[in-house]
Amino acid sequence: MLVYFLRRLGQSLIAIIVMAILVFIGVYAIGNPVDILINPEATQREIDATMQRLGLDRPLWEQFFIYFGNLLQGDFGRSFVYGQPAMEIILQRLPATLELAFVALVIAIVFGIPLGVIAGLKPDTVLGKSIMGGSILGFSLPNFWQGLMLILIFAVLLGWLPAGGRGPTTEVLGIRVSFLTWEGLRHLILPAVNLALFKMALVIRLARAGTREVLLLDYVKFARAKGLSERRVITVHVLKNIMIPVVTVLGLELGSMIAFAVVTETVFSWPGMGKLLIDSINLLDRPVIVGYVMLTVFIFVFINLTVDLVYSGLDPRVRAGMRNE
Amino acid sequence: MSINRSIRGALMPATFAVFAAMSASAAADTLTIGLSAEPTSADPHYHNLGPNNALAKHIFSALIEQDAQQLLAPGLAETWEPLDDTTWEIGLREGVSFSNGDPFTARDVVYTVCRIPTVPDAPSPFTLYTNAIAGMEIVDDHTIRITTDGPAPLLPNHLSTFTIISASASGAEDEVAFDAEGCSGLGDTPESQAFTDPDFAIGTGPYVLSSFVRGDRIVLERNPDYWGEEGAWEEIVLRPITNPGARVAALLAGDVDMIENPPTQDIERIESSGFKVSSGLSNRVIYIALDQGEAPTPGISGDANPLQDAKVREALAKAINREAIRDRIMLGYSEPAGELLPPPMFGTNADREAIPFDEAAARELLAEAGYEDGFQITLGTPNDRYINDGQIAQAVAQMWSRIGVQTDVDAKTFSAFISDRNGFAFSAFLAGWGAGTGEMSSPLGALVATRNPDAGLGGTNFARHSNSQMDDLLIEALQTVDEEAREALLQEASRVVMDSYGIIPIHYELTTWAMRDDLDYEARADQYTLAYEVVPAN
Amino acid sequence: MSDQTLPAQKPRGAESPLRRIIAEFFESRTAAVGLVIFALVAFVALFAPWISPQNPYDLSQLDIMDGTLPPGSESFTIGTYWLGTDVQGRDMLSAIMYGLRMSLIVAGTATLLALAIGIATGTAAAYFGGWVDTLIMRIVDMQLSFPAILIALILLAILGKGVDKVIIALVIVQWAYYARTVRGNALVERQRDYISAAQCLSLGHGRVMFRHLLPNCMPPLIVVATVQIAQAIALEATLSFLGVGVPVTEPSLGLLIANGYSYLLSGRYWISFFPGIALLITIVAINLVGDQLRDVLNPRLRK
C-alpha cells in the first residue's frame, strides 16, 4: 500500500515537473512581451531598459534557472502586466472559478439524476426517448455555442438574465461569492447552466444505465414483488445504487469542469482563472501562464491521486490489481 | 460608502434597515461606469497605458492638463515659460493640498520626476517623458526651474502625461533634490502594489481611492478639498467589463450608468433603447504602412519591390474607398483621413482633405508604374486591437483586389501580429497610432522618420520609409521652442510625407461612450474616460 | 466520455461477415438517418469549391456594400443570399460550406494521424510488453488524466496559430485514446494461438504486429475513431472560438461562429447562428453513427 502510494506520488511529481519545463520553454520562447506592454511611443532606449528590468534580455536557459530557483522557494515570479506575484493574481481569481464549477456540478446532479432515472424506468416511452435525445444534443453541442445561444435567448430576446459579468459579490470568510444575493445569482445562472449541460448529459446516461441494471437485480425484483411502492423502490434501491458511479465520475469531472470553465468564462466574461489565462496568453504574461498551468496540473494530480487512494481503500479488486502491478 | 461595506452590512439583519435607507439616498450620487479595459495598477507611474492614465487623473493631478482636444491647460502648474532654449520656469499653483492634508509644493514635483525611473518592473515606464530633464532647481516652494539636455519644446506636453504623487506620503526625506549628480533624498521609493491601498494613494485629484478589487471594481470617493471644480458625484464605481457584448448588456440592464467603447454595430440598438451616445474624433489614426526598405520584400513575388515606387503607393492609397469603410464597417464612427493627426490638432494642415477614392486613377497609376497586371501582396493586420481592425483590412483587400492587386489578409491577435511586424515580416500592414502628446511630431517621429534608435526616431517605422527632407524638417521642429515656427515646420513635414504617399492614412477613429440619457460627457481626443467630467444633463 | 465507450473486449466483428454488420447497422433508423446526413455533409465539404454560390475567400467577388444583409436578400451577382451575408458582404451559405470543409479537413487529418501514432504505440506496448509497455502506458495515463481542452490550449499558446498547429495539437490530444484501445485488444489477441504460431515461425516483429495483431483490433478502433472525430471537430471549433485556432482568413465553422458573436446582440443573428447549426448537425450525425456502430460491433451488447 505504502509502496503503491509512494510510487504514485513520485509519478505525479514527475508529471508536474515535466509539464512545468515544457510549458516554460514553450511560453518563454514566443514573442516579446515588452513589445505589447510598452507604450508605442517608447524609444529603443526605454524598450531595452524595460527588457533588462524584466530579465528578458538574458538567454533562455538563464531565465529558466532563475525561474526554477525562485520556484523552489515558492516564488512563481511576478506578472509582467500587474507587477504582482503571479500566484497571488491567479489565486484571487480561483474562488470565482470554483464557485462556477460547484454550482454547475449541483445543477448537473439535481437535474441529471431524476431525468436519467425516468429515462431508465421508461426507456421506450416518448419521454424516455426525448430525454436520451436531449442528452445526445448535450454531448454534441459545443460548449461555447450553447453559451451563445443561452445569451441570445435569455439575455437578448427575453431580457430575463444578464448577458455576462459577475455582478455584485458578498464576502464570506474572506472569499467573494455571488450566490448570496439575488443580483449575483442572476449573473451566475447562465454561465453555470452552460458549464453544467455537458456534465448533465453524462449524468443522465450514467443514471439511466444504472437504473436499468438495478431493475434487473433480484432484490429489486423481489422488492417489487413484495408490493413495495414504486416510489420507495426507486428512492431506496435505485438511487442508492446509482449514486456511487455518478458521484465517482463527477468527482473526476470536477477537474475537467475547471478546465472547461475557460470557455464559459470567455463567453460570459466571468472573472475567473480561465478568463485570466486567455487574457494572459494574449498579453504574453508569461509568469501567469506558467503559474496557471502549474496550479491546474497540481489540482489534477491531487484529484487523481485522491481518487486512486480512496478507490484502493474501498475496492478489493483494485487492491488486488496493485499487487499484480 | 463602498458597495463592499454596504453588502457586509446587508448580511447583518440588525443593520439591514439602516443600510437600505442609506443606499437609497447614496444611489443617486453614485456614478457607475463599465470600462473596456482594466487599469493594471493604481500606481500612476507603473504602466504608461490609457486605462491607467485615466484612472490616475481621478486620484492625482498633473502639472499641466490636456483638455478634450488635448490642448494644454493649467493644472498644478499655473505658468510654464522657456527662459532660454534649455531652461523652463514652472510656476506652481498655491493653496493646493493632498488628500491627507499636506500642502503641495515644489518638493513633490521633484520627487515625482525622480521616482519615475525607480518604479520596479514597470512594463511601460514614463521615463520617455522625463529623460530630457537634466536637473530641477527649487527656486521657492512654488517655483521650479527645469534644465534639459538640449532644446525640449515638448517639455510642457511631456509634463502633462504624468501625475504628481506626495513626497512625504511616499517616504521621502525632507530635502529632495535633482541636480547634476542626479536625485537625492528619495528614501525608499514605494512599490507599485502599495498604491492599491487607499491610505497610500495620496493625491491632489478630484477623487480619492476607496477600494481597488482587481477584476471586479474600483471605487472612488469625492475629494472635498480638491483645488478645482468639484466633481458631480459623491462616489464613482469603475467596473472593468472587457467583453463588448457584456458591457452593452450591462448598460441596457441598468447595471452601469455609462460604458466606454460600445461596439459600433450595437450603437443603433443602444440609442433605440433610450440611451445617449457621445462621440468625438480621437487622436488615433488607422494607417497602412508599405515596406519601402528592400527588394524583394516578403509577401510580394518577384525580385522587385513595387512599393518603392511612389506611383504604386499612390495607386494603393486612391483605391481605398474611405467613405465606404466609414459607412459599412465603422457604421459612421470614423472620419476619412488625409494626414496622421486630425485637424485642428497642433501641426495639422486644415486644408488637407482625405485621400480621394478614384479607382480609374489608381489603375492608370499602376499601369504607368509598369504594373498594369497588378501583383500579389499580403496585408498584415491585428484583429483585436483597434476598432474593427480585421474587418477594415479585409475591406481594403477587397478594394485593392479590384484594381488588380491580389491581396491576402494575414490577420492575427495583436501579440502575434506585433512580433511579426517588428521582425519586418510584412510588406504591408494595417495598424493604428494615437498621439499621446496630441501634436504632429508624435506620429511623424514614430511612423515615418528614418529609423534611428539613438535619436529616438522612427521607432515604429517598420515600413522603413525614409525621406531626408522630412527628417530635416522634423528634427528642426523638435529643436524649435517657438510655438508658431514649430507648428509651421511640422505642417510642412507632414505635407512632404503625404505628397509622396510615404504612408497611407485610412481614417481617424471616433471614440464613443454610451450613457443614460440624463448624463453628458464631452468626447475626449485622448480616449480617456474621466468620470469626474461626466455631468448630469440639463 | 469516450473513456467509457469500450471495455477491453475481444471483438468478434472481424470474424463476422461485413454484410451482417451493415444489416444490423441499418436496423436503427436514427443511425441510418445520421449516416445519410453525414454523407451529405461530407459531400458538401468535399465539393464546396464547385457547388457553393460564391468563393467566399476570393475578395474580388465580395463587396462591403452587400454587408450584413439578412437571409433571403437579393444581390446583383449571385442571386439570393439565402443565409444572409457577413459584414464583408460574404455569402454565409458559401462561407459555411467552406467552413465545413476546413473543419472536416482539420479534424479528419488529425484523427488519421493520431490513429496511426496510436496504433503504432499501442501495438508496440502490447507486443513487446515490459518496460516499453510501462513507459508508453504511463505517458498515456498521464495524458488522459488531463482534459483535452487544457492540453490543446497550452500547446497552442506555445505553438502559435495556424491550421498545421491546430492539427498537431489535436493529434497530441487524441493519440492516447487509440493507443490504449489498441493495447487493450492486442493484449487479448496476443494470448491466442495464431500469434504464438507466427512467433514460432520467427516472422519479423513488424509482420506479426501489423499483419496479425492489428486486423483483429480494428472494430473497436473504428468506434473510438468515430467518437473522436466528432470530438475533434468540436474541439477545433472551441479553440478557434477562443482565438487560438485556425487563422481568420481560413475560417472553420468555429471561427465563423466567433466572428458573428459580436453581432449577436445587435440582432444580426444569422452570422453566427447558421454556422452553429451546421456544426451541430455534423456532430450529432457523427455521434448517431458512432452510437450505433458501438452497439453493432460490440458483441457483449448483442442480444
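In this document, chain identifiers A, B and C correspond to the written order of the chains, with residue numbering beginning at 1 in each.
We take it that contacts are C-beta pairs under 8 Å (C-beta built on N, C-alpha and C of every residue); 3 or more make two chains touch, one makes a residue touch a chain.
Since the structure is predicted, the reported quantities are computational estimates derived from the model, not experimental observations.
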Per-chain Cα mean versus the mean over all protein Cα atoms: which chain has them closest together?
A
Of B-C and A-B, the pair joined by more C-beta contact pairs is A-B
Provide the C-alpha centroid distance between subunit A and subunit C, rounded to the nearest whole angstrom.
23
Gap in Å, rounded to a whole number, between the CA centres of subunit C and subunit B:
46
Using mean CA coordinates as chain centres, what's the gap between subunit A and subunit B in Å?
38
When you check subunit A against every other chain, which residues touch at least two of them?
30, 151, 156, 163, 282
Where subunit C touches two or more other chains, by residue:
160, 243, 261, 264-265, 267
Touching two or more other chains in subunit B are residues 245, 248-249, 384, 413, 416
Tell me, which parts of subunit A touch subunit C in their complex?
11, 15, 22-23, 26-27, 29-30, 136-137, 139-145, 148-149, 151-152, 156, 163, 202, 255-256, 259-260, 262-263, 266, 277-278, 281-282, 289, 293, 296-297, 300-301, 304
So in the complex, the part of subunit C that touches subunit A is made up of which residues?
1, 138, 142, 145-147, 149-150, 153-155, 157-160, 230, 234, 237-238, 241-244, 254, 257, 261, 264-265, 267, 269, 272-273, 276, 279-280, 283-284, 287-288, 291
Taking the touch rule as given, give the residues of subunit B at its contact with subunit C in the complex, in rising order.
244-245, 248-249, 263, 265-266, 268-269, 324-325, 328-329, 383-384, 390-391, 394-395, 397-398, 401-402, 406-413, 416
Touch list for subunit C against partner subunit B, complex:
58-60, 62-65, 67-68, 87-88, 160-161, 243, 247-249, 261-268
Touching subunit B in the complex, subunit A uses residues 30-46, 49-50, 53-54, 78, 80-84, 89, 92-93, 96, 151, 155-156, 159, 162-171, 176, 180-181, 268-269, 271, 276, 279, 282-284
